[in-house]
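We just call them A, B, C and D in the order they show up, numbering each chain from 1.
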């Protein structure tokens, strides 16, 4: 295992300490339990948006804390959901009296921990709403699974909900909008290499030099199936086709196209994929009105890519464009 | 070699095509010879700032094209300096009558190709100034080398010169400021893994599971020496000490601290390094007034980190803070 | 030898033993999780039981319910993932049954385990044969109930053995709950990590009862 | 057999041969560059000479200076890196010497090579024994000058052989120019890629002269 690391058990704590000194104008770090809140939290009268999950997906979620996006992020250990007390404390720290939206990726652990935190928050009189993200089309038969995983659409939900909250929308509105974004977003990913969880000390799985994992999640777990490595264009088709067919995305619609790096894949390659994904979307009659390219929801140093397509409406685009000031996404301010 | 790739010889061209469709509001791509210019180039009466170099360092330079930073970027093949005709055509495309600053990293190939381009531009009556970046303290004895390499400070020179140009400063002023930034910036890097140049098809060098390369450049070349892998804190010291001693950085000064990922290293680890670097800087009596953390000048998928420290004055900070709108750096707009 | 009731000291002894065993098996549990999950079950459980051990030091031993409640709260706030809320719930539900008791006998132990299982199933919605910790705890409780006319130690040993068999029986199953379910057919052929850690906990309990 | 003067056809033949040889040795040149550089010399030269081959198709052959100028401009605009401007300069300087000539004889070839070397050294500031292409071209020119009373083919063969020796002699040198110099002492023990490609070009020239 080759990492810039001290003790594996200190990794998340030390990274949070690094964020605290790197971005003092943006956020504050709470050590025990561990969470990040925007520097001016709680914002009186504003709905707060909170997310969290295992670490190892950076910049998600801590890199999205700040004005116009998340009020708080709760990082668990690497690939491990945060705990109810952590989520509860963060919820209390950002509640400005208008309630708190929990953006939760659909993993059993995340769902249960957030559920317990929400129950506890309710007992304290804090209103919460949960937006569950489950956009991964690789998980086909959700009857026989814990449902679809939450992947790339999470970033879009957080941005759009964050902007709506900033604009003064109500708890119910922000949550409804978040659910609408989730319903209109679809994702899928492939991995070219595994990643190594620091505690485990060795790669989560092994891949031959000409193999790839298709339908990968973001936790270093194997994908739905193993396949022969293909060209970038062919891989892009293998991801776009199931995405497009699933919603389905119909000709004439406006979309946001998000090509996400899983960590170890150079930006150069992401743009190669973006080019082909854009071509495929256009060929289906879609209008790519907004784009995002880069490593935003990662799986440590895994090489690979995921594609997210969101069918947008005017309100989503407006909130997408609204000012945001976080460590990883920033515009208009 | 596991990459998202079609033909290696198409990589740069296809990535540029991806950038063109991802960021139409920011930039335009010229195919042959290959270069990128900001969407509104040439800007009449404004000094233009142009940079270029081998590809494989993304987001450098193409990701920095846009308002407040670069007017043009000239990407060569992977790790290969661009050619004089490419640079000349880009220089012509962005010259708004006030001259063009070439930001050149100090590598023999870059220097010679930019030199020839500048000679050709002069023949066409375009005034150019060259800012040579040579900030790598790993190259100790510059008498016996081609001088120090240009690494992390390049990003800071491009941002600060870009802002000064945007503010209407003269060609001589922008160039002088760029040189001042270079003189006050120092960098050093280490690699935990090699990278693979697509054409070569295999890693540039081999490293044992507990080895690292110290004093690495950004072209996948081996470093100054090989050493045993150390903890993140120890590695940070190994980078910070030579940097601090070189300028030297004196107690009481204001600095910008830039922790750069070489490509394959997760953000989580970069923040661990940032934390320690900040601590070391503070212990030396430096005030970290600005920060940058992330993969901004990379070496394909190489795992590793470089640290850049810039002693800033009031003017540099002002131009650092000025609005910038590029694919990779954006604020204030 | 062996005990027919467990007092607070015995319960604490069990938890310390469990912490040790989980520590020894951290890599093993992580490897099981690597095959069909995300390589963290060992670290999660080790982190949780290290914290439990720390909490037990300052714990009075008169009220077994209180001990179990501390364990449940500690696991809840340190384990995370899917196993954190589930093991947390197991101990919190058991704590309710044992509340105020200085000793627990066979009947109370049985009720506690059953309450724990019910809590896990309520929280996690897993049915038997979904390839989860339920597949170790469920058979263990059945074996415990069925072990009439034997010592507590023997009954717990049979429960632990049933948990072991249950964990092994998860191998061919295609997971329908938790992270392993995302692998579809590929989850078959691997033993469930949570069922395995459940077995290890029950084995430690049987050992302590036998001493 | 062999030729004592080279006409435009011979020069084109040489360049086509050179393109072939560079193509065959692309991996080899890249491997040399991987050891002390950035793994691109093979790809750089192959890209350049593939472009040269493309340009030669439509090239008239009356004016050798014009042919060499096309080659120089093409290398300049396709090779990049350090070798692009240097090989570009070599051919552009040689083109000036051969300007307007339909045939070049031994004297002109010697002047062309010398002018090319001077151009390379002016542009790149390398001295002999800095571990660069100069260490192949320099000895080659000396051997060519010294090869009196032999055929052109033999003189060029000796030049190529001297270039080969010169390239090999770069192995122990610690680089002082170019990217390899960043390695310091670690650059010793490896043959310089640019000196090697220079040798390959000269060897092709000698072969064509011998036909």
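Quick note on the criterion: contacts are C-beta pairs under 8 Å (C-beta built on N, C-alpha and C of every residue); 3 or more make two chains touch, one makes a residue touch a chain.
Note that the structure is a prediction, hence the values are computed from the model and not measured.
Asks: Which chains does chain B share as contact partners with chain D?
Replies: none
Asks: For chain C and chain D, what is the smallest step count along a path of chains that touch one another?
Replies: Counted as steps through touching chains, the separation is 3.
Asks: So how far apart, in whole Å, are chain A and chain C when each is placed at the average of its C-alpha atoms?
Replies: So the centroids are 32 Å from each other.
Asks: Let me have the rounded angstrom distance from the C-alpha centre of chain A over to the C-alpha centre of chain D, please.
Replies: Computed value for the inter-centroid distance: 54 Å.
Asks: Starting from the mean Cα coordinates of chain A and chain B, work out the distance between those two points in Å.
Replies: Distance between chain centres: 29 Å.
Asks: Chain C: which residues touch two or more other chains?
Replies: Within chain C, no residue contacts more than one other chain.
Asks: Where in chain A do residues touch at least two different other chains?
Replies: 78
Asks: Hey, how would you classify the chain contact layout here, line, ring, star, complete or other?
Replies: Looks like a simple chain-to-chain line, open at both ends.
Asks: So which chains actually touch one another? I want all the pairs, not just one.
Replies: A-B, A-C, B-D
Asks: Sort out for me which residues of chain C touch chain A in the complex.
Replies: That would be residues 30-31, 34, 36-40, 42-44, 47, 76-86, 123-124, 174-179, 181-184, 186 of chain C.
Asks: For a test of understanding, state which residues of chain B touch chain A in their complex under the given definition.
Replies: Those residues of chain B that touch chain A are 2-6, 11-12, 14-19, 21-23, 55-56, 58-59, 63, 78, 192-193, 209, 212, 229, 231-233, 235, 263-275, 278, 288, 291, 293, 295, 298, 300-301, 303, 305, 325, 327, 330-333.
Asks: Within the complex, which stretch of chain A touches chain C?
Replies: 8-9, 33, 54, 76-86, 107-109, 112-113, 115-116, 138-139, 141, 144-146, 149, 197, 199-200, 204-205, 217, 219-222, 224-225
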